[in-house]
C-alpha cells in the first residue's frame, strides 16, 4: 500500500485523451520520478493530484482518502505540497514572510481571522520559518524582497515554503526547468539533502535526465497519456520501450 | 405587436451606439492590453468634431445695422453664412448636410488625436497594472472634457440632421402594417445602418487584410507574434488610432439624436464598459453582440407593462443583466480564458 | 466651558468656540462668536454674501450666469455701474453705498448640483468665510438641502433656481426665501393657455423625470389640466440622465394620447424634446387633432440646447429678457453692457434675490437673520420685472406674474428663442399656502 | 509593477502617536492653509476613514472595487433612520450603520468575489449603480430621493422621548449625551473614530491576517496551493472595508444629518480609489493623505473666483496680472476639475506608488546624499522600490 494510489484514471479534453487508464502506486518515503516526452500527460496527472483538474473516471487516494472533488487548499491541508515549473512565490513579500505564510496555514488552518497579535510576535511560526530558511541556505536574506532573488534562490525559497509545512507528499513540476547548470546542480543537492533530512515522499516530473537519474528511487515513463514502464533508474536506462517513446513516435 | 417591434428598433439603434463604443474599447484592450477610461472622451471629441465643423462652415459674415439696437444695447447684427455667399445653393446643401460631411473632417482629426494619445501617454502604460491604466486614462478623460467645457460651455449644442432626414419614416406601412403605427425617425435608421457598416468594415479589415491578421494574431498571443520579428507595437498604435476613429464617428453621427455636451463621454463610459465586460473583455464579436443585446433589453425593460410588474427595472436592467451573465458565464459571452483576471 | 453641554445652545461656531478656547485656539474661531448676538455678525467694514452655484456638472452654464448676475448685483449695491434695478425697484431704501454702511463682499462655491457638495460648500462659506447669507443653486434638491442647512446654522438662504413645490411647501423654512415660481404656478398659468390653444378635450401623456421635482411637477400639471377636462392617458417615469428616450417615446406613438407633456429639465429636457420631435410627434394627427408637445418648465439656456425643436412648443418661465417693463429693461441693459449678451431667468432671479436681501437688511437696520426675515415677510415691491410682487409671509414664496412662453418660430438671434405668449397675473397663480403642508418653524439667528 | 511600500512594524507606536497628534491638532496647524474650519476637518476625518477601510481591500488584498460608495450610502441612510426612529444619539446610529453596511457588503462581496480582476470591479460597480439608481427613484419612500433623507421634528425618536428630550425648539442636531455633534466637537468625535479606525488598520497590517491579505494580492495561485482558502479572507477584507465605509457614511450624517443619494454614485466610488492611490495604496498613512488632499482641493480650489485671484496676484503689474489671472482661472473655480484630472495623471505617471512613495524616494535620496553608508538613516530594509 503506497501513500498515493492512482487507479484507472482517465481524462480527456474535447476529443483529446490526455490520460489513458493510468495506474500508479507511490511508495511512502520514496522519490518517484515521472518522465516522458512533451504532451505525454505528466502535468495533467499532477493537476489531477492537486485538485486543479478532476479526472473523468478513476480514483486518486492519498493515505487511503480520496482526493477527488477536494479543492487545492483542502488537498494541501491534507499534506500535499506543490512546487511549480516557474517558482510561484509571493514576490511582494520578504523571504521570511513567504515562509511564514505556509507555516501559518499549518497552524491556523485554511481560514482564520487572526488580527490581534502581530505577525512578528508569533515565535512558534517565526522560529520554524527561520529554521527552514537556514536549512535552504537563505537565512541571511530573510528580510530581503523575494521578487529580487535569482531563479535558483526562488526555487530554494519555494522548496522551503513547501517543506515548512512538513507535508507527507511533495509534487515537483520540472523543478530545474530553465535553470543554469550551476543552479540545477544546487537544486539537485538541495533536493537530495531534503530527502535525507525530511524523509518526505516526492513525485518529480522532469525532463532533465541528469536530474532524474541522480535523484530518483523509482521512475515511471509516460507516453501518450499512459505509463508504459516503471522501475528503478537502472531498469529504465536499459529499457527499449523508453528509447522508442523518446526517439520514435511521439517526440518529434 | 407594434409596440414590441418598435422597441426592437429602439434597441437596435441604441445597441448600435453601444456596440460602436464598445468595439473600440475592446479592440484596444485586446491588442494593447490597456483599459482605456478615456474612450468615452473619444466619443465626446468625435461629437465635438461635428460641432466644430458645423461652426466653421457656418461662419457668418456679420454686417452691423447701426440704426437698430438690441435691448441690451449693442447694435443689431445681420448674419449670412459665408459658405452660402460663396457657393450659393451648394453651400446651403453643405450646411444642411453638415453632420454627415463632418465625418470627413472627423476621421483625420480622430486619427491624430488617437496617435497623440497612444504615443504620448498610453504606450507608457502597456505593462502597468490595470488600476493605474484606469486612473491615468480617467484623469485624461477629465482633462479632455474640461478643455471642451472651457471652449464650448456646459450646455448641449444642438446639431440638426439634414432636412430630408428630419422626419420619421412610416416603416410599418412598408410591411403591410396599419399606416402610422410603426414610424421611426430617418436619422435613427441611418444611424443603425451606419453602425452596421462601420462594424462590418472593422471586421473586414481585421479578417481580410494582412495587417488585420497580424493584429488578430497579436491579440491571441502577443509573445509569439513578437518572435516572428514583427514590430507588433507599431501596429497596435495604428489600432489605437482605428479605435479612436470608430468612437469618434459614433459620436459624430449621434449628435442629431443627442445634442452633445462636454459630459456625454462619461455618461456612456460606464455603460460601454459594462457592454465590453458582458461581451467578454477582448472579444470583438462579444462586444457587438452584447451591445445590441443590452440595447434591446433596455428598451423592453422601459415598457410600461414591464415596469408595472417590476418597478424601476429600467433603471437597473443593464447592471442586473451584467451581474447575471458574469455569474453564469465567468468571462462574459465570448471572453477568453485568463484575460483580465489577474 | 459648560456652555456646549447645554443642549438648548445652538450654533455651529458657538460650540466650536467653547472647545476652541479650551485648546487655546487661534482667535479666528473665538473672536466672532463671543461678541456676536447673531452668527457671523460683520465686525469690519464689509459684509459677506455666499454665492453657491453649480460650477461643474450639467448646470455649469446656468451657474455661470447666476454668478455673473451676483457680481453685477454686488457692483450695483456698492454703487458701481449704472445701478440696474436699484433705480427701478420701488420701494427701496438702497442707495448704492453698500448695505448698512458696509461694502458688500462675496465668496463663491460649487454646488456640483449635488446636495452633499452643496452643503459642504455652504458650510465652508458660513464657517470659514463668515457669510451671512447663502444664495444660488440650480435644482430643487440642492435648494432644499441648503435651505435646511442655513436654517440650522442660522443664516439667511435666498434660493436660486428651484421649481419644486416642496421648497416653499412641505420643506419650507423660516430662514429661507424663494423668488422663483413653482410647479403649481406653472400649471395654474399654463392651463388656460392650453385650453385656448388646444381645447378642453385632450388626452395627455406625461414623461416625468423620476425624482422629487419631476413628480411634483407631474402632479401639478395633471391637476390643472384635468380641471380643464383633459384626460391623463399615462404618466411614465424616466430615469434621470437617460440620454436616449426613444424607448419611452415610441409607446406614446401607439397610445391614444394627443398631447405629450415633458416633465424634464436640463439635459433630460433637451434630449427628450429633440427626440420627440424627431419621432414626428409634432407632425402627427391623433383623434383628428394636431399632436402637441408641452414643456411646462422652460429655461432659455436649456432651450438653446434643443435648437429648432422648441419652435411652437408651449411652456412657462419665471422671467424673460424681452419683457418691456422698466425693471427688466434696466436689468437687461446693464447685464448686456457688462457681458455682451442678455441674462437668463436664473440670472434674473439671483440678481433680484441679492438685491432683495440687501434691501431687507437696510430696512431692518440689522443683518440679524430674524430681523431680515421680519423685513422680507409680506414685503410688497415693484420694478424688478414681473410687475407687483409679494413675498408671502405664510410660506416665503414670491407671487408675481408668470410668463407663458412659446418657442419662437422666427428667431432673430441666438438669444431670441422664446416669445412671451401671455403674462399671467399673480392672482391667477396664487394658492392657499396650507395645501402643501410643512412648517416654517422659528427663525434662527445662529447664536 | 507597483510594489507594496511598507514600513516595518518597528516604530509603529511612534508612528501612531505622531498621527494622533497631527489629527487632533488639525484645528491649529491647518490655519495657514485656510482649512481649519469644522466642516472640512470633519470631511478629512470621515473620508480618511473611508479610504483607510478601502485600502484594506484594495491596497492589501488587491481587489479593485468600484462600488464602495454603496456602503457609504447604506451607512448614511441607516444612521439617519436611526436618528428618526431612535433618537439623535450618534452611538446607536453608528453601531447600526456599521452592522448594516457590513451585512450589505457581505451579500455583495459573496457574489462579486466569485470573480477577480476587472470582472470583479464591474460586478461591484453594477451593484453600486443599481443601489444608486433605485435610491434616487423607486426607493424614495426610504431614501427621500433627490432631496435626501433628513430628520424631522415629527419623527418618533423613541429614545429621545423616553429621556425627555423629545421636544426640541429649533433644528435637530445630533448630540452625544447632551454634547452637540456639530462644529469642533463634531470634528473631535470623528477624529476619535478615525483614530480607532487607524488603530485597527495598524493591527490588521501587522497581523497574520493582514499578511494573508497581502499574500493574496501578491500571488493568489500560490495561496491556494499553500492550504489557504482565499475567498473567505477576501470576503472578510471586503466586509471590513464595507464596515469602514458604513462608519464613514454614518459619521457624515452625525455631523450633518442628511443622506443624499449622490454619495452612492459611481464617481463617489471612483473618488475613494483615487484617494487611496494618490496617497499610496497598501501603505498605512497614504489613504488618509490622499483623502485630505482631494477634499482640500475640492473645497478650496473650487472656491477661488476672479476676485480672489486678483487679490492674490494683485502685486503684479496690470498687464501681467490680467494674463496670470486668466490662466490661473482655468484651473480654479469652475475649472477645479481640470486641476484634479491633471493631478491624477501626474501622480499616476510619475509616482505610481502614491505620495508616500514619493516621500520614500526623497528620504532615500537625502540618505544617499548624507554621509554615505552606516549613518543609520538609510531606507528601511523592507521598504520596496
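Order of writing sets the chain letters: A, B, C and D. Residues in each chain are counted from 1.
We take it that a residue touches a chain if its C-beta (ideal position, glycine included) is under 8 Å from a C-beta of that chain, and two chains touch if they have at least 3 such contacts.
Note that this is a predicted model, so its numbers are computed, not measured.
J.: Suppose every chain is reduced to the average of its Cα atoms; which one is closest to the average of all protein Cα atoms?
T.: D
J.: Hey, which pair has more contacts between C-betas, C-D or A-D?
T.: More C-beta contacts join the chains of C-D.
J.: For chain C and chain D, let me know how many angstrom lie between their CA-based centres, rounded off.
T.: So the centre of chain C lies 33 Å away from the centre of chain D.
J.: Please work out the Cα centroid separation of chain A and chain D, and write it as a whole number of Å.
T.: Each chain's C-alpha centroid was found; their separation is 44 Å.
J.: Centroid of chain A to centroid of chain C, CA atoms only: how many Å?
T.: Centres of chain A and chain C (C-alpha means) sit 73 Å apart.
J.: Let me have the rounded angstrom distance from the C-alpha centre of chain A over to the C-alpha centre of chain B, please.
T.: Distance between chain centres, rounded to whole Å: 51 Å.
J.: Would you give the residues of chain A that are in contact with at least 2 other chains, written as numbers and ranges?
T.: none
J.: Tell me, which residues of chain B touch at least two other chains?
T.: As it turns out, chain B has residues touching two or more other chains at 315.
J.: Give the residues of chain C that touch two or more other chains, as numbers and ranges in rising order.
T.: Residue numbers touching two or more other chains: 60, 64, 210, 237, 239.
J.: If we use the touch criterion from the header, which chain pairs count as touching?
T.: Between chains, contact exists in these pairs: A-D, B-C, B-D, C-D.
J.: Which of the residues in chain D come into contact with chain B in the complex?
T.: 1-2, 58, 64, 111, 114-119, 122-123, 125-127, 129-130, 133-134, 137-139, 266, 270, 273-274, 277, 281, 330, 335, 337-338, 340-345, 348-349, 352
J.: Within the complex, which stretch of chain B touches chain D?
T.: 35, 121, 124, 128-132, 134-136, 138-143, 146-147, 150, 270, 273-274, 277, 281, 311-312, 315-316, 319-320, 322-323, 326-327, 330-332, 340-342
J.: Taking the touch rule as given, give the residues of chain C at its contact with chain D in the complex, in rising order.
T.: 4-17, 19-20, 23, 25-26, 28-29, 55-56, 60, 63-64, 67, 106-110, 114-117, 119-121, 123-125, 127-129, 139-141, 144-145, 148-149, 151-152, 166, 171, 210-213, 237, 239-240, 439, 441-442, 444
J.: Please give the residue numbers of chain D that touch chain C in the complex, ascending.
T.: 27-28, 31, 34, 36-40, 43, 133, 136-138, 140, 144-148, 150, 153, 165, 169-171, 173, 175, 178-180, 182-185, 188, 252, 256, 258, 260, 262-263, 298-299, 302-303, 305, 307, 333-334, 336-337
J.: Which of the residues in chain A end up touching chain D in this complex?
T.: Residues 50, 71-73, 76-77, 81-82, 88-94, 97, 100-102, 104-106, 108-120, 122, 125, 143-145, 147, 161, 165.
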